[in-house]
Amino acid sequence: MRTVSRLTQRVERIPFIEQEDYSLLFVLPGLFVFAAFMLFPVLYLVGLSFTDAAPANLFAGEGSFAVLTFGEATFVGLKNYTDVLADPEFWNSFGVTWLYVATSVALKLGLSISVAMVVTSDRVRGRRIMRSLIILPMGLPAIFTITVWRSMFSSADFGLINQLFEQFGAEPVAWLSTRWPAFFAYNVTEMWLAYPFMVIITVSALQDVPEELHEAATVDGAGFLARFIHVTLPSIKRPVLFAAILTAAASFQQFLIPFVFNQGGPARANELIVVYGYREALSFSQYGRGAAISLIAVVFIGVFMWINVKRGKLADGVSDE
Amino acid sequence: MSLLSTVGRKLVEDTRNVLLTPVEAARDIRYTVRGVRNGEIPPTDPLKTVGATVGALLLVLLLLFPVYWILQAALSGTGASLYSSNGLSLLPEDPTLQPFIWVIGDLVVPAYNVTVDIPLTGQSLVFSTPELTFLDASAHGVDRPSQFKHFLWNSVTVAIPTVIISMCLIVPAAYALSRREFIFRRKILFLYVLMTQVGGGLGIALLIGLYAIYVQFGLNDSKLALAVYYAATAVPFNTWLLKTYMDGIPVSYEEAAVVDGAPPWRVVTEVIIPLSTAGLATVLIFTFLTGWTEFVVAQTLLTTENYTLPVGLYALIDEYSIPWARFSAFALTFATPIMLVYLFAQRYIEGGLSFSGMEG
Amino acid sequence: MATLRVDSLRKEFDNGRIVAVNDLSLDVADGEFVTVVGPSGCGKSTTLRMLAGLEQPTDGKIFIDGEDITDVHARSRDVAMVFQNYALYPHKTVRQNMAFGLRMSTDLSSDQREEKVRETAAMMDIEELLDDKPNALSGGQKQRVALGRAIVREPDVFLFDEPLSNLDAKLRTTMRTEIQRLQDELGTTSIYVTHDQEEAMTMGDRIAILDNGILQQVGSPKHVYQNPVNEFVGTFVGSPAMNMLDVSVSTGDSVCLTNGDRFAYSLDGPVAQAVADAEVDSARLGIRPEDVAVSREPAESDIRAVVEVVEPIGSDNYLYLDLGESFIARVAADIEPTRGDTVGVQFDESDIHLFDTYGFSILSEKETERSPVTA
Amino acid sequence: VGVEEQGTDADAGGGESSNGTDSTTEEPAGSATAWYGLSDTELELREDIIAAFNEESSHTIKGGNIAEMQDRTTSAIPAGQGPETFQWAHDWVGDYYERGFVVDQSDELSVDLDQFTSAAAGAVQTDDAIVGLPFSAETVTLIYNADIVDKPPETFEEMAASMEAYHDSANGKYGLAMPFNPYFISGIAQAFGGRYFDPESDPVVGLDSEETVRGFEFMLDNLVPYMPNDPGFEPQQATFAEGNAAFAVNGPWYLATLNDSDINYEVTTFPSMDGGEFTPLSGIKMWYFSKAMEEGDVDATAGREFIEWFVTNEDHLLTRAEEQGHIPVLSSLAGSDDLPGPVRAYSEAVDQGIPMPTDPRMSDVFAALEEPVVQIFNGSQSPAQALAGAADEARSNWE
Amino acid sequence: MATLRVDSLRKEFDNGRIVAVNDLSLDVADGEFVTVVGPSGCGKSTTLRMLAGLEQPTDGKIFIDGEDITDVHARSRDVAMVFQNYALYPHKTVRQNMAFGLRMSTDLSSDQREEKVRETAAMMDIEELLDDKPNALSGGQKQRVALGRAIVREPDVFLFDEPLSNLDAKLRTTMRTEIQRLQDELGTTSIYVTHDQEEAMTMGDRIAILDNGILQQVGSPKHVYQNPVNEFVGTFVGSPAMNMLDVSVSTGDSVCLTNGDRFAYSLDGPVAQAVADAEVDSARLGIRPEDVAVSREPAESDIRAVVEVVEPIGSDNYLYLDLGESFIARVAADIEPTRGDTVGVQFDESDIHLFDTYGFSILSEKETERSPVTA
């Protein structure tokens, strides 16, 4: 009896905002908007992937609502999925994509950490200005930068990179028309696109490394390399890991670089998964199939993120111990 | 209000610091030289500093080389191409600022007539403000400057609602996720981290679906609708980011405010928000950037008169040729504000990204 | 001005797995200054936070001026709290920090608030800091501002959570007297939590000793110092700590305490009676360092001990004797044996404390005062 | 000048959504949207022309420079958000008509198709429907640098000799600059009688025919060695525009770039090869009657009147020819002496070539050909191999 | 085992705008334990960091065992440092933390390192923590590990930078004796920086007092306590602080100190002579709280003072008297006047300290010891 009355009394007297579960209300608007814009299209995509949608039938109905109900496209069950999974091009694309994720993330991490170390080094004067200069690429639209890099990687003898090669006496390389040079070019470009974000995160992380740890290690007799391995790296591990996971997902979904460079060529050899999907969907006008590919890609990237988020405990916060 | 004045003061301070950098550097050099001369500082010491700085500069130059390459093209004037068969030249042959003038166009504050009625006399005074011309494009041989200012206006009117809407969605959610324990909290957090990237490249089909929905609701060609879309895509990552930042703010500030008698909303406005400045600045810039460089959705949803800068940039290209000089000048003009903003917001961003709360 | 009463307060955490505060009852008279002291994790902060309304008690009630405020929201209680890390709003100036509570909990006009802040600042001698941000202040200044922020609201009760523990030793002493002076002047009922027993002793009208969430003893500092109810209180209060020795008790014709083969100490008078009444055969003997008399030339009847360490603290010397683990004698600065010297040790029967094997005081007839006194 | 710019600006920004069928107003003045994707050099003239029309007519045309025409039209038109008309080459005629993106307006037209060259007239029709009106042609032909080559080559041997004499890739000098993609090389690929695609013949896909293979082999042996190593449009055109190539194969749109540079260029016809005639695909630029015209309201009228005016206005067409090298397809202008020399040369090239088929399957052929062409250029596949693959790919898309 | 010599060390920051350490010279004998004490910002840490090699001196030299190591890199100096906030590597286990220095600076095999770590851990009583991460440890345990990490390397010199200031009072005392015990055992030359004068006094063989970057006095704790060379040292050392009173000096037939109208104090003997020799007419008189004798019944000759506050600390009481600002007398616990009582105050001539207006001791003949002693 007493507990009950006290409980009701408490409910009355404490403003609702303090009651923990009502706090969900704060999160819902964002969640709702996000779901409306991201989840709905995903559902649409799921629907599309079970049809034989193509421009001819998808747009056949009257008005835009018909598009939402897939026009006159017909239900084909899992055919799109089985087709895709049976396509050797898909598996090539799949393999190249993961390889690309591995190499580009390694490169991005290496570059960003080195750059971040340099622009936070005590010895370097004008660090702040340098830091704001080097993030400039972040302000340029990706498609622009990629077009520019495409020009630098021109296979022609007078392509910028080839000219630089020439300065050092090397033979010009047919960058975009041979498989691995093209793959390399993708990686370099990806690295350049992603480094500003990664450097920002790494710089923040580096500035949080307690100076005393470095000093303790110095007094303990550790040289630069040992300090880097034993103090710096472990201290920046979590933020950098976080950035790495994000950027891995970005690499996985890279579309513009291969597309602008050589459409995932030569001969579809470097077709990253999104390019593959795009090509299937648009060049060959098979939206249903394209949707299936997109979804397969999403599932893989989702699983990849899920594993990493779990393992890196990224969803945990301080109050969760 | 006080927040604004704080920001203003910080800006002034930063500007002064930036401007005083040379003075400080000169002092530094004098001191070092004297030290070396007196044998107090071993000569290797300044050499190391110089070496490190030069090395860092080289690295920065190397990283920014593509940007320089673009700039070079922009300065080369019409006919410039990034594919030059004339051999490697690091300086434009006869540099011209014309492409930039073409981008910026006239900078003219038109004349206004200010009319002041003088009471009782029935007369009025008319002041004419002079027309202020900062830059007259036609004087530099540019007859028809780009629509940069128009696109800029569009971009700004998309970016500002984006920032406002996303802030409204993100801040309360981040606060709740950081401070309260409620059902589904961990699930939502998890979903958000997961969705920070997965949402991205769903491809063209997603675009079709999205476009169809927009049209269904009559929202296409609405800059506001585009802003809502950008805000939605910005929600997961930025909510999570801000939440992480807020985790690092000691709870005792809130408790102090509560004991001081502050109602919950005052706690938020007077304590939480001001204390999260760094995190908020970071999120602000990230949400701003979301829309600032986005191209595909903007060009699908908007009609020509509402084109944002990236779409405007792309409209410069036709099927067969890229006017590299103007194209590059446009892109660079477009990117510079980001760099300036970063220069001044640097300490907030670097503080706001420190993941101080991440150590679980 | 208010009385404060706490009635069998209990606080559990983690669904009852942790009992932070257990059945705590306390009466604080109007204007009294009670210090709460105990080792880390004993529940001091939890208690204070319940008083402030920041934690909801699991059980028990809290009364201010006789009114049950257990379920009143923190915001509506008229208490002010000073936090360990000051919790000054870093983005507000000192003036704004101080005025904040007034803005929130009163409907004073801006001028009136300004006036009050000025007055309080004058009292705290921080007038010239009013326009600074907290980050620009030194530790002591911050502490002053934090106090000022609490004082300006003129609350019913002040709550202090280890307000001085972030200051250095010197400043701590200064601020200590400052707080005492203020409390004298204002006469506001105050609860002051600290883990530093010296602070608790010097500042409190009464001192409450907590251990493991349980209230051990409440009383005036001197009373507690002289009559600890149990071994915990005995060793916790006083610095250096009370020396403890295991003794076996023989209650034949004379009551005698024997410490292994080191010494046998015969009791008589009321102490002997009390020991005999307790009917124990082993006990812990407590003796405070300053009650250990040391002579350089051991007399026949003296207990002999070897000096292990001599620690000069300027005014006195601490001698570490081999009678027990860190057995300390505090002697005058001019008694300076060297390491390894054998000295004679004596202690007065009236200075002896005896605890049974459960830690409770055997000489408990001394324990008279347990009800609150009003100052 | 700034004021003028602002004027068009306000004009463009102020309008309401264009497809509102506001029948309550009595005013016959409609307003229509026209989309085009032009480079900024062409854009100025286009805006001037539209302004001129708006001046003359009671109707209003709002121009829109679109970045990705295909993406925009495929998403906007079915959703009812498309313009009244848009400008593109005629290769979408079949496909878009089939999808219902463009509509037949033959009943409404006041312009007779006879006014245009036959190729142009044919290009805008499919299944007897007229889905737009043509205004210029485009194709590729040979251009030479008069500072390097004295006179137009009469025979391919002459041309080869000139290329050989000038070519020195180590020093950035090239014999020929020709973007190596299906369209630009079509003149040579089809020179020996091969056809990429011919809906009239059997088999329709001629990619793997002996003749086509021969065309590719000819290029591989005689042209590719003199070309910069990057098949892309940009590097190839830049090479010639910077004066580092003796010859170029390019279209009329290129003339604007060349005029900007100080190259002393001449446009000519491609010399005949041993057993082969240069047979490029030619395209017709046209204004499409987009789906929004279906209703036949005032806005549609506005759009149609604008198109009719645009395609028949000799003054403007001439200006376009003079300033930007567009090849008019209005019979009264085509081949006329009023045209500047280069444009006349192109005009002749158009006659040499064959119009791009309007069959919707053409785009699939192009898609299938794109990659193999690069393969051939790189030498990673032999023409026969690559073209067989391309043909299979194209056919497989229709099953 | 090593001697340490510091020769007119100077450190400037901000291009000479801040002089953190100014012309500091110090000789430390082999195995000696020197504590460096001073208020916050006086340059203690900077000095220590120069010894460790973490800062480059602007001027001056540092010798270890007679060898000039001023330009030797920190990594190559054989010193170990214990940091204020422990600076344990958070991602390494205690074992790895301790072994890290060995791995870096010696070429011992993994087994040998393991063996050494085990031994040291046993000595520090942290064996069962070896596999924990620092975050799982309590403050005291962390401190032990930090010490262990330094000890295991067997360096020439130990440097301690306020190693105990993050611990609570109780733990501080325990760790204090622990460090002393260790240093006794190991006999390693040590420099120990602290701002807590009590810590400095009890721990150091010698104590060095720094103020404003300048070394004020070096000597054994007791010597410094009894013979402060200046007012700063006098008030800084000792707790509660030395009471200071302004007096005017009249050197007629008898030397007399007058404090306004409160008292006149005549001197004779050597002190009078010294004062007369100093030829000053005003001075600051210092007297330590424990040297102030208080009688409840003021005699005729006594100075009279009113009691303002009585602060019991258990073993003694502190009486705040109205003779000056926080003028404290430390009296036995049984002397308990109440507030407002008038008491008689006396002090012995031999306990008096006198400083001139520049703060320097006038009775400087007492100042004999300035050169280092070896313990």
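Per-chain residue numbering starts at 1, and chain names A, B, C, D and E are given in the order in which the chains are listed.
The working rule: a residue touches a chain if its C-beta (ideal position, glycine included) is under 8 Å from a C-beta of that chain, and two chains touch if they have at least 3 such contacts.
The chain list, named the UniProt way, goes like this: A, B = Binding-protein-dependent transport systems inner membrane component; C, E = ABC-type D-xylose/L-arabinose transporter.
Every value quoted in this text rests on a predicted model; they were computed, and no experiment measured them.
Engineer: Touching both subunit D and subunit E, which chains are there?
Structural biologist: A, B
Engineer: Which chains, taken as a pair, are joined by the highest number of C-beta contacts?
Structural biologist: By number of C-beta pairs in contact, the leading chain pair is A-B.
Engineer: Which chain has its C-alpha centroid at the greatest distance from the C-alpha centroid of subunit E?
Structural biologist: D
Engineer: Which one of the chains is closest to the middle, using the mean of its C-alpha atoms?
Structural biologist: Taking the mean of all protein C-alpha atoms as reference, the closest chain is B.
Engineer: Whole-Å distance, subunit B centre to subunit C centre, using C-alpha means?
Structural biologist: 56
Engineer: How many angstrom lie between the CA centroids of subunit A and subunit B, rounded to a whole number?
Structural biologist: Once rounded, the distance between the two centres reads 21 Å.
Engineer: Starting from the mean Cα coordinates of subunit B and subunit E, work out the distance between those two points in Å.
Structural biologist: The mean C-alpha positions of subunit B and subunit E differ by 54 Å.
Engineer: Which positions in subunit D touch two or more other chains at once?
Structural biologist: 79-80, 172, 228, 230, 232, 234-235, 239
Engineer: Where does subunit A touch two or more other chains at once, residue-wise?
Structural biologist: Within subunit A, the residues that touch at least two other chains are 15, 18, 58, 64, 67, 151, 154, 156, 158-159.
Engineer: In the complex, go through subunit E and note every residue touching subunit B.
Structural biologist: 15-16, 56, 58-59, 71
Engineer: For the complex, give me every residue of subunit E touching subunit A.
Structural biologist: Residues of subunit E touching subunit A: 49, 52-54, 74-77, 79-81, 83, 85, 87, 89-92, 100-101, 104-105, 149, 153.
Engineer: Which of the residues in subunit E end up touching subunit C in this complex?
Structural biologist: Its residues touching subunit C are 39-40, 165, 168-170, 173, 177, 180, 195-198, 201-202, 221-222, 225, 237-241, 288-290, 309, 311-316, 318, 320, 326, 330, 333.
Engineer: Flag every residue of subunit D that touches subunit A in the complex, lowest number first.
Structural biologist: 74, 77-80, 98-101, 169-170, 172, 228-232, 234-235, 239, 364, 367, 370-371, 374-375, 377-378, 380-381, 397
Engineer: Where on subunit A is subunit D touching in the complex?
Structural biologist: Residues 55-56, 58-60, 63-64, 67, 151, 154-159, 172, 174, 176-178, 262-263, 265-268, 283-284 of subunit A touch subunit D in their complex.
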